[in-house]
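For reference, chains read A, B, C and D in written order, and residue numbers begin at 1 within each chain.
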Amino acid sequence: MLTDRGRALLRWRDPAGRVTAPPGLPDMGELLLSRRGEASGVALARALVAALEEADEARRLAFLETLADRFGPDPEAVSRAMQAVARDPASVEAVEALHVAAEPRRQELFRRLNLAPGGTAALVRMREELLRHLKDSPALRRVDSDFAHLFASWFNRGFLVLRHIDWNTPAAILEKIIRYEAVHAIQNWDDLRNRLQPTDRRCYGFFHPQLVDEPLIFVEVALTREIPDTVAPLLDLDRKPIDAAEATTAVFYSISNTQKGLAGVSFGNFLIKQVVEELKSELHQIQTFVTLSPVPGFAAWLAREREGGKMLPAEVLAALTLLDQPGWHVDKDAARALREPLLAAAAIYFLRARDGKGRAVDPVARFHLGNGACLERLNVLGDVSANGLKQSHGLMVNYLYDPDRIEANHEAFAERTEIAASDAVRRHLPATTAMKEMP
Amino acid sequence: MLTDRGRALLRWRDPAGRVTAPPGLPDMGELLLSRRGEASGVALARALVAALEEADEARRLAFLETLADRFGPDPEAVSRAMQAVARDPASVEAVEALHVAAEPRRQELFRRLNLAPGGTAALVRMREELLRHLKDSPALRRVDSDFAHLFASWFNRGFLVLRHIDWNTPAAILEKIIRYEAVHAIQNWDDLRNRLQPTDRRCYGFFHPQLVDEPLIFVEVALTREIPDTVAPLLDLDRKPIDAAEATTAVFYSISNTQKGLAGVSFGNFLIKQVVEELKSELHQIQTFVTLSPVPGFAAWLAREREGGKMLPAEVLAALTLLDQPGWHVDKDAARALREPLLAAAAIYFLRARDGKGRAVDPVARFHLGNGACLERLNVLGDVSANGLKQSHGLMVNYLYDPDRIEANHEAFAERTEIAASDAVRRHLPATTAMKEMP
Amino acid sequence: MLTDRGRALLRWRDPAGRVTAPPGLPDMGELLLSRRGEASGVALARALVAALEEADEARRLAFLETLADRFGPDPEAVSRAMQAVARDPASVEAVEALHVAAEPRRQELFRRLNLAPGGTAALVRMREELLRHLKDSPALRRVDSDFAHLFASWFNRGFLVLRHIDWNTPAAILEKIIRYEAVHAIQNWDDLRNRLQPTDRRCYGFFHPQLVDEPLIFVEVALTREIPDTVAPLLDLDRKPIDAAEATTAVFYSISNTQKGLAGVSFGNFLIKQVVEELKSELHQIQTFVTLSPVPGFAAWLAREREGGKMLPAEVLAALTLLDQPGWHVDKDAARALREPLLAAAAIYFLRARDGKGRAVDPVARFHLGNGACLERLNVLGDVSANGLKQSHGLMVNYLYDPDRIEANHEAFAERTEIAASDAVRRHLPATTAMKEMP
Amino acid sequence: MLTDRGRALLRWRDPAGRVTAPPGLPDMGELLLSRRGEASGVALARALVAALEEADEARRLAFLETLADRFGPDPEAVSRAMQAVARDPASVEAVEALHVAAEPRRQELFRRLNLAPGGTAALVRMREELLRHLKDSPALRRVDSDFAHLFASWFNRGFLVLRHIDWNTPAAILEKIIRYEAVHAIQNWDDLRNRLQPTDRRCYGFFHPQLVDEPLIFVEVALTREIPDTVAPLLDLDRKPIDAAEATTAVFYSISNTQKGLAGVSFGNFLIKQVVEELKSELHQIQTFVTLSPVPGFAAWLAREREGGKMLPAEVLAALTLLDQPGWHVDKDAARALREPLLAAAAIYFLRARDGKGRAVDPVARFHLGNGACLERLNVLGDVSANGLKQSHGLMVNYLYDPDRIEANHEAFAERTEIAASDAVRRHLPATTAMKEMP
């Protein structure tokens, strides 16, 4: 690769064909936007992509900052277009022209960079790097907006391809599944095989034609005979697979985004719904589609409540002190005593608690409820790994995807922050709290 | 297909899940843009695509007109955003917000329509239909702008795939090659095979991952030992192929766009240059890349000149009267006598004549010269088919793609309308005319 | 190709690496069987394949005759092995050694020829050529036996791949479907598309991994709502397809072997049965699997009977004189009058007539009945094309493949020449004849 | 699988279609050879394959023994055929008939078993099992002969497909590379990637179309700038790859057969020669093709010689006592002192020593020399792993594949056991021994 890139740079020529030193990154950007970019767009884009990879991080950051500064919309053109609208506010054409004039020049630059082989991947990496610098260099947010706008269009679900990932998938893709799995880390290739090869396991991912070996998002699915309440048996290397034809339930036990550079482009919603369709058409007898999900915000919220919150009844608070006893989860009596208080606290956490913006506190809950799923069940001691205990005192939950109710759930959640939850979950609300719910 | 579409429409449900009559097309569009569209984007997009195909042309036209009318930018949002810019003209953020506010709602509608399986193809067909109505319904031009903007981004060369089209290509694609060939019509499958199967013939096309069996553009190439001056021997069913390893010249003798709905998105330039790269790396000994091209504007221009133009010297005009003699091209004497006058007229046509906008008259010339090619040779009696005689009195020309000069040629042409031409072509300019060229 | 072959021959070297003239074909064969063939099998095989293609037909025939003569088993080895068996008739090992000694050297030669790229195809062509000479050169039958033995092993059904042939199949394969169709000639590519593309049409073929673009056999299938009695509507370019989901019946209306060089290797039986499996698993509602078949031996047999046979009752014979009236099939009265006599004659033809070897007379009947099918229905005026009238006075028949009865039908036919036929067919037997059937 | 097999067995029906208990394995074999096997070959073969997998090892062994006993040639047919030959010894047809009569019925049984999906794989497994029992049950050798004969024909190189195995190969195949690597064990997936992914590493295997995910044999290749003398640097996880374009040498450092059931079918010779072709056409600058090979028989032979052999000169014997000093290979002085004696002993081992059958002693040497390679270099301390020290006192060697000399080398080796060796190797022969070589 180095050699190729090197060659591309050495090959830099002025329009008369003379080999010269390549210009700086911003000048290459300007050239790509110029008339010369029309004739030699692919070559110039390739050279700029190569130069970016060759550059060190400081120069790349400087380039991003230049993009923020100097590649916005042309101020004069904007001003002229605004005057035209002011003159004739009813002119649709004038408003249209204003829209065009106000488009940052970055967008066309990115479209032209995309002409290079590997251009899409390079742009995704550029944004990933940008996001790391965003805090220290807030002006980059403008550049980020343009990335976000373009990527939402380019990575439109219509351009994505659903692929089944299994033990016949190329290793170059599988090693990325290992690397990107974000929920229940994959220990090694045996662990991976255990999630892909048995007849009661499935994995699906969205791919984009331009990012050949890169899954954008993937979901791991277990086919089971009932809704599971703990994750360990699902991942057990020694478990005995069941025949897929005997499964009644599909469990989405892990879903992972892979490309930080595509942050904000929404894939998960589409992926889950399409996998539901796939499984329904392959295995008619599967009727239940649920997740087995972590509750990453629960422990932190509970700590705040125990320190001085007002949402938990006194008797629940009192009972929860047992949580401070190390190893409570392996102490049968302690675990039994904590069960009801934890369920009560969890019910309040999901159904009553709101964050500063009035949203459900739990990010995973926001994702699934926003997709139109329903909170189906709370599982005490669902994940007793160190991480599971730390983030949620071992709590896991199931979200149910019921195709007939997804749309109504989504609307109620999006417009009125109404949480779709089963009666079983609601029953865990302490009586006093439950009252408040009545209209 | 009918059944599927039918089912999709019958399946229409209100948010509570009750089956109802589907709404009208514009209302479906509004729904797709609404909150409900977020939860059920794929299903709603699929329903709207189905409804569009089900509708008759009048209803589809009405829908397009509604798009022009009611799916532009939100006027109030634009007005607010303009006021913000007016208050603080230096605010980059305000200009950015203005850009967003001025985006026609159609663009988001099209992006959401694209969620449907087959959505991209449906949108391309929509624009093809729109273009047919544009003359009678000029307001549609606004909608067309949004199509053009989105398609330029979606069909960016970075997303296209170059494929070799040969006798092992699926018939479903090959029949489209037959249908779309726009330069030298393909008579039947034998004619097609003769252009694809021999070792000295090649065909390449650009494909988009979402339009599986649809070449967007394709070019037919003959590998030869010299630059050809007539097209008939290239297409002869009985010709004897040469070994590809003996060829020195690649002749692009036909290039055809296929999708009217993608008008204005430029593919040809990229295609020719990439095919040059492909051939260079496969067959090192090929050094010359030329076209054998028609001259579609020549006969009409010449008729105008003969009726009262001022560009042709009198002796040339006099000699050209022989053209009025039917069958001159099979009369050796007549053909010989016409040779020089035709070449002179052609040289003037290419090097001197300009249309009302100051551009080169010939559309094919504008394409190749705009790509940076050079006018290499004029060929009298290059195409004596009925069509060839009618449009150009049999004249064909070769444009040369010399990688080392493409960029300079393009810039000179784009900025100063300078025509790159070989000395051989320039020599055909009548002396008096040639003078004028001197600075 | 010529060049490559030429080069291969020019490259001939003696073991010391000196370039020499290549030896004659038989000597090359001996070399390939020698020690040198062990070290350089691929190269020698390639050279012999090239030399065979370069040779003219006379030299190739001479080579085949040499194979018959000089590449049989080694007589001395056979004699020694026989003596060993004679000494110890109970020795299994001695008999085994005799089997090995009696193997013609040709078989190993063919196995080594198969080392060459394209060797399998070359051997199949060799046998095709051999079969053309067999009549004039009966000694070639020995060579043919070895081909037949090897091909039966190499083209074992376990090595064949069933492929769906449709409008997405490469043209290089489709043109062979056009060329090889043996039952109802395919007129052109439109006719072909009409048999492949509609949702109620299917085509399947067996392929061998070594003969990449060559279907070995293929069958064309129509999906219908009832058992058809004439072929013309099935092939009609203007017919309206039905939805595959509405079909109840799969009609095998054409089955064609393609490789004369594989004569005697049986594919059709396997193909039909596998296609039945495929269709059953794809379209559960299809319950009836029939053919619509020609009756190629009927007219000739009937002519013999009318000239002096004894199988037809006098009244049937008398009625059949109407057949001599030209155009009877378009004369409603004549056609009506002929209907019953033709059915009676056909019933006798299928159920009673036997050829010199005691077999059913009709070759198509022998194929389907031998596969275990049952003669389901006789269709007068089933094929009124010139060929249909000529070979069978327009008669077509349906053979029914009923998976539950295939095995029993096959055994009864193979062991006792019992013809499986429906009651409907049997009822057409004239009363007197029907009597004879009683035990 | 269990379920499927179970179903297949339960589905057993008599010819009248009644469900019955399936017969024993030998009876199923007889059925498959009978008339019923003609009609329902695929179904019967499938049932027998399933029954074999269901059976325990004892029943399978009994079946193999029955095959040896009862599925040989028909003795009466053999006897009749022998009488016919005796009557007319000159009759080619009689000898041919004898060959057919003497064919064991097992061969046809195996061909029919191959009709089942997965039949080929099942037969390969059957033979693998047979080979394990061969010592205890010598009659099985007859069955083995038939397997060997059929497999040599079915796995003819002409039917094999060469595939490049790299990091894009499906994991299901790669895990078999890990499992089957027989020379330098692959520790884990990182080790595997290190052998497949770098630009200066290649791996190729032969596959058979019927054994989809099973490489039959594969070779690992390193591209280097010189002939390597030790294996450790080649396998080092931290080594720095070179650009393939800079390599001059291709090193075959590991070649592994995978299918015990295909023992005796020769693949390695073809594989190495084809890979040489592949690499030559991909990387023109590579001129040297060598192995880096173990010497598995050296230590054992040397021990015998030291105990009482006569091939080694006394001074060499004396010097070699240092080998008994533990850790000599890490003691610089000892290693230096042993260098020449080891080289002398190795030269004698390769060039002089012969086993009881007069063959070269070393099995790896027999393989490469039999392929026509030449012993190029002896490398002391080439493999100082525990295994390397144990089997060959650390010795490794390079065999050179020189396309121009392969054929002559092979013939000399096969006919006269002449060992092709470089002068460098020959020079290590002690003077007295070297003398003996003179004619």
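Everything that follows uses one rule, which is that a residue touches a chain if its C-beta (ideal position, glycine included) is under 8 Å from a C-beta of that chain, and two chains touch if they have at least 3 such contacts.
Computed from a prediction, not measured in an experiment: that's the story for all the values here.
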{"item": "Between the pairs C-D and B-C, the one where more C-beta pairs touch", "value": "C-D"}
{"item": "Distance-maximising chain from chain C - centres being C-alpha averages", "value": "A"}
{"item": "Computed distance of Cα centres, chain C from chain A, in Å", "value": "59"}
{"item": "Between chain D and chain A, distance of the C-alpha-averaged centres to the nearest whole Å", "value": "50"}
{"item": "Centre-to-centre distance between chain D and chain C (centres being mean Cα positions), rounded to whole Å", "value": "39"}
{"item": "Chain centre separation in whole Å, for chain C relative to chain B (CA means)", "value": "50"}
{"item": "Overlap residues in chain B, where contacts from two or more other chains coincide", "value": "none"}
{"item": "Every chain pair in contact, whichever chains are involved", "value": "A-B, A-D, B-C, C-D"}
{"item": "Residue ranges of chain B in contact with chain C within the complex", "value": "3, 167-172, 174-175, 188-189, 193, 213, 243"}
{"item": "Contact set on chain B toward chain A in their complex", "value": "15-17, 35-36, 38-42, 72-73, 75, 78-79, 82, 85-86, 89, 92-93, 95-96, 98-99, 102-104, 111, 114-117, 119-120, 142, 145, 150, 152-154, 156-159, 161, 209-210, 270, 273-274, 371-372, 404-408, 410-411, 414-415"}
